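Below, each structure is written out as structure tokens.
There are two complexes below, and they share chain A, which is joined by chain B in the first and by chain C in the second.
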Partner chain A sequence: MASDLFIVIVGCGRLGSHLANQLSRAGHGAVVIDLAEKAFANLSAEYSGFSVEGDATELAVLQQAKVGKADIVIATTRDDNVNLMVAQVARAEFHVPRVLARVFEPRRKPIYRRLGIETVCPTSVAAELFLESIAAPLTLENRP
Partner chain B sequence: MKVLIVGGSKAVYFLCRTFLAKGHYVTVINRDPGECVRMARRLKVTVIQGDGSDPTILEEAGAHGADAVLAVTPNDQDNLAICQLASMLFDVPRAVAMVHDPDNERVFQKLGVAAFSTTRTIASMIEQRTALDEITNLIPVGEGKVNITEIRLQPDSPVVGKTLRELSLPGDSLIAVVMRGGEAIVPRGDTGLRAGDQIVLITLPANHGPVLKAITGETI
Partner chain C sequence: MEAPERGKPVLIVDDEKNIRLTLSQALEALALDIDTAVNGEEALAKLKEKPARLVLLDLKMPGMDGMEVLRRIRKSRSPARVIIITAHGTIESAVEAMKLGAVDFIQKPFAPKEIRAMVTKVLDREALAAENAGSYEEHIELAKKSIGQQEFGAAAKRVRQAIAADATKPEAFNLLGVLMEMDGNKLEAQKDYRAALALDPTYKPAQENLGRTTGLTSGGQMSMGGTVNKPCRKE
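What follows is the complex of A and B.
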């Protein structure tokens, strides 16, 4: 990944702030958007990006966060529908080249795919990891 | 027609009542159990309690056979998801979303979802009303058979700068008095009209609208 990307992250919870901190440390430009100002307390002291307090389903808030200039938008809020909408708006309205969304409900994943949005489903990811661990033979190292 | 409405509040209640009165079949999806019970008791509608943006709930509510889906929840993002699911998964021919952010009206259309903004509708209605502030209906005479209206002439009025003789007002209308700088003038054919004049207009109801349009230049 080039080190001069401009990335907008929607939602500054555990996942959003973690991503923002990491990406900022890696030298990328970042903006985080969250409804609640107190969510920005999750950002580390080294975070050198911007924060925008507001509702990302409001077009004016996305404009304020300069989504139009973003190389990547990552929608990480707790609300699947917010992530779905922000991702679509980022692509259709702001022509963002790469858009990713977190989706909790695995049943919604096929629809996201049909809409052409890359998704990450924490439930499926965690399930896969658990299943892998279960399938792996017990060795001295991984024995509980 | 089978209509599926997702949302709550009084607006949905009265929407249901309107559709039912016209003989349509209505199903409502609402998250709030209490509201579902109230709605089911008071209206002849099928009520499904749950999240309208969940495909299984939509299916349970009969989205497959619905002629129209109306998404009127308080959240724009939910209304978008509901309409996209309805048209993509259930082939509903007409899905309409209500939006709160007026900008989203255009954005949703770009995403292939028909949307209307109540905010914009109300704002433009209010604007229209204030634009007509210069018009005051004074008194209806003869049980409404005659209108007496007072109009303040705006600078962009098409009649400003003309004499009464030059005006081509529709028939059955009369400019009875022109108030200018605190003075009342009973105008004659050679009286000119100026911006800021208050005119008292007498019309018959049939041509009230056309006369107002001729004087203000606006469609009423």
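What follows is the complex of A and C.
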């Protein structure tokens, strides 16, 4: 990954803030958007990006965060519908080259794919990890 | 273009650590000397000690605000260019700052590329201004000399510098037309001849050139006005 991308992250919860902290530390320019100002408390002291308080489903808020200049947009809110909408607007309206979204409902994945949006599904990821763990025999090392 | 006055730093003035960090990181790639100040007072003290090429100045700071810093920079006749950093939705104050002599402004949040583009643009302008230091007549003279030596690229550059120095005289536009015509770009050439005539309808060389290229008058040579050791042919 090039070392100074401009990345807009929607949602500053546990996932969003974690991503923002990591990406900022790696030297990228970052902006996080969240409805609640107190969410920005999740950002670490070394976070060198920006924060925008507002509703990311509003065009004006996305403009304020300069989504139009973004190399990557990541939608991480807890609401699949919000993520889908923001991701779609980022693709269609702002022509962002790479758009990723968190999607809880695995069945929705094909819809996103058709729209040119990459997805990460925590449900599938967690399920796979559980299955892997179950399949592995319990040994001394992996005993809880 | 060699970097003019290397060693003079770019001074970043912002009370927020993350802005100073973002800006320094973004400018790292341009290989510029970078210095930072956390408030207006520190910025002025640093500028007094060592002049800067460029100051990136936040308007909203506790204590002395950016506008006051800008006023004092101007008052001290410092040659430093100032780019204003503003928050979203405060265009009015940015405009106010530009009236006070800031060269440009950038709104938060900013992308690294955006910052680099703006800083490069401002520094290039500065370099160009330094290169342009010369009178209209000198540039025209050197342009004709370059044409005489068949160095058309250098000639075109000189002509543009002449236009930058004084855009009200027809001769430079006529010469630009001649260069365009030599390059085979007749339409562009005619535009330039017309531009020369718009400035001075009685300017003979442009009249002749326009007449010749539009076929209204037949024959004739390209007319550059004044004396030139005639080459007028592209090898």
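FYI, the second predicted complex is superposed on the first by the 143 of 144 C-alpha atoms of A that agree within 3 Å, B and C clash if a C-alpha of one lies under 4 Å from a C-alpha of the other, contacts with A are read in each partner's own complex, and residues count from 1 in each chain.
Everything that follows uses one rule, which is that a residue touches a chain if its C-beta (ideal position, glycine included) is under 8 Å from a C-beta of that chain, and two chains touch if they have at least 3 such contacts.
Note that this is a predicted model, so its numbers are computed, not measured.
K.L.:
Following the superposition defined at the top, how do chain B and chain C come out on chain A, clash or fit?
P.N.:
Chain B/chain C on chain A - fit side by side.
K.L.:
Per the overlay, which chain contacts more chain A residues, chain B or chain C?
P.N.:
B
K.L.:
Given the superposition on chain A, what is the angle at the CA centre of chain A with arms to the CA centres of chain B and chain C, as a multiple of 10 degrees?
P.N.:
Vertex chain A, arms to chain B and chain C: 80 degrees.
K.L.:
After superposition on the shared chain, which partner residues are touched by A:D4: those of chain B (first), chain C (second), both, or neither?
P.N.:
A:D4 contacts chain C only, not chain B.
K.L.:
One more residue to check, A:R107. First (chain B), second (chain C), both or neither?
P.N.:
A:R107 contacts chain B only, not chain C.
K.L.:
Would you check which partner chain A:E128 touches, where first means chain B only, second means chain C only, and both and neither mean what they say?
P.N.:
The answer is neither, since A:E128 touches no partner chain.
K.L.:
With both complexes superposed on chain A, which partner does A:L115 reach: first (chain B), second (chain C), both or neither?
P.N.:
The answer is first: A:L115 touches chain B but not chain C.
K.L.:
Using the touch definition from the top, say if A:V31 reaches chain B (first), chain C (second), both or neither.
P.N.:
Touch partner of A:V31: chain C, not chain B.
K.L.:
Name the contact category of A:L59: first (chain B only), second (chain C only), both, or neither.
P.N.:
first
K.L.:
Please give the nearest C-alpha separation between chain B and chain C in the three-chain superposition, to the whole Å.
P.N.:
18
K.L.:
For a test of understanding, state which residues of chain C touch chain A in their complex under the given definition.
P.N.:
Touching chain A from chain C are residues 17-18, 21-22, 25-26, 29, 88-89, 108-114.
K.L.:
So in the complex, the part of chain A that touches chain C is made up of which residues?
P.N.:
Result: residues 4, 6, 27, 29, 31, 47-50, 52, 64-66, 69-70 of chain A touch chain C.
K.L.:
Which chain B residues qualify as touching chain A in the complex?
P.N.:
53-56, 75-78, 80-81, 84-85, 88-89, 101, 103-104, 107, 110-111
K.L.:
Note which residues of chain A are touching chain B in the complex, please.
P.N.:
Result: residues 57-60, 79-82, 84-86, 88-89, 92-93, 105, 107-108, 111, 114-115 of chain A touch chain B.
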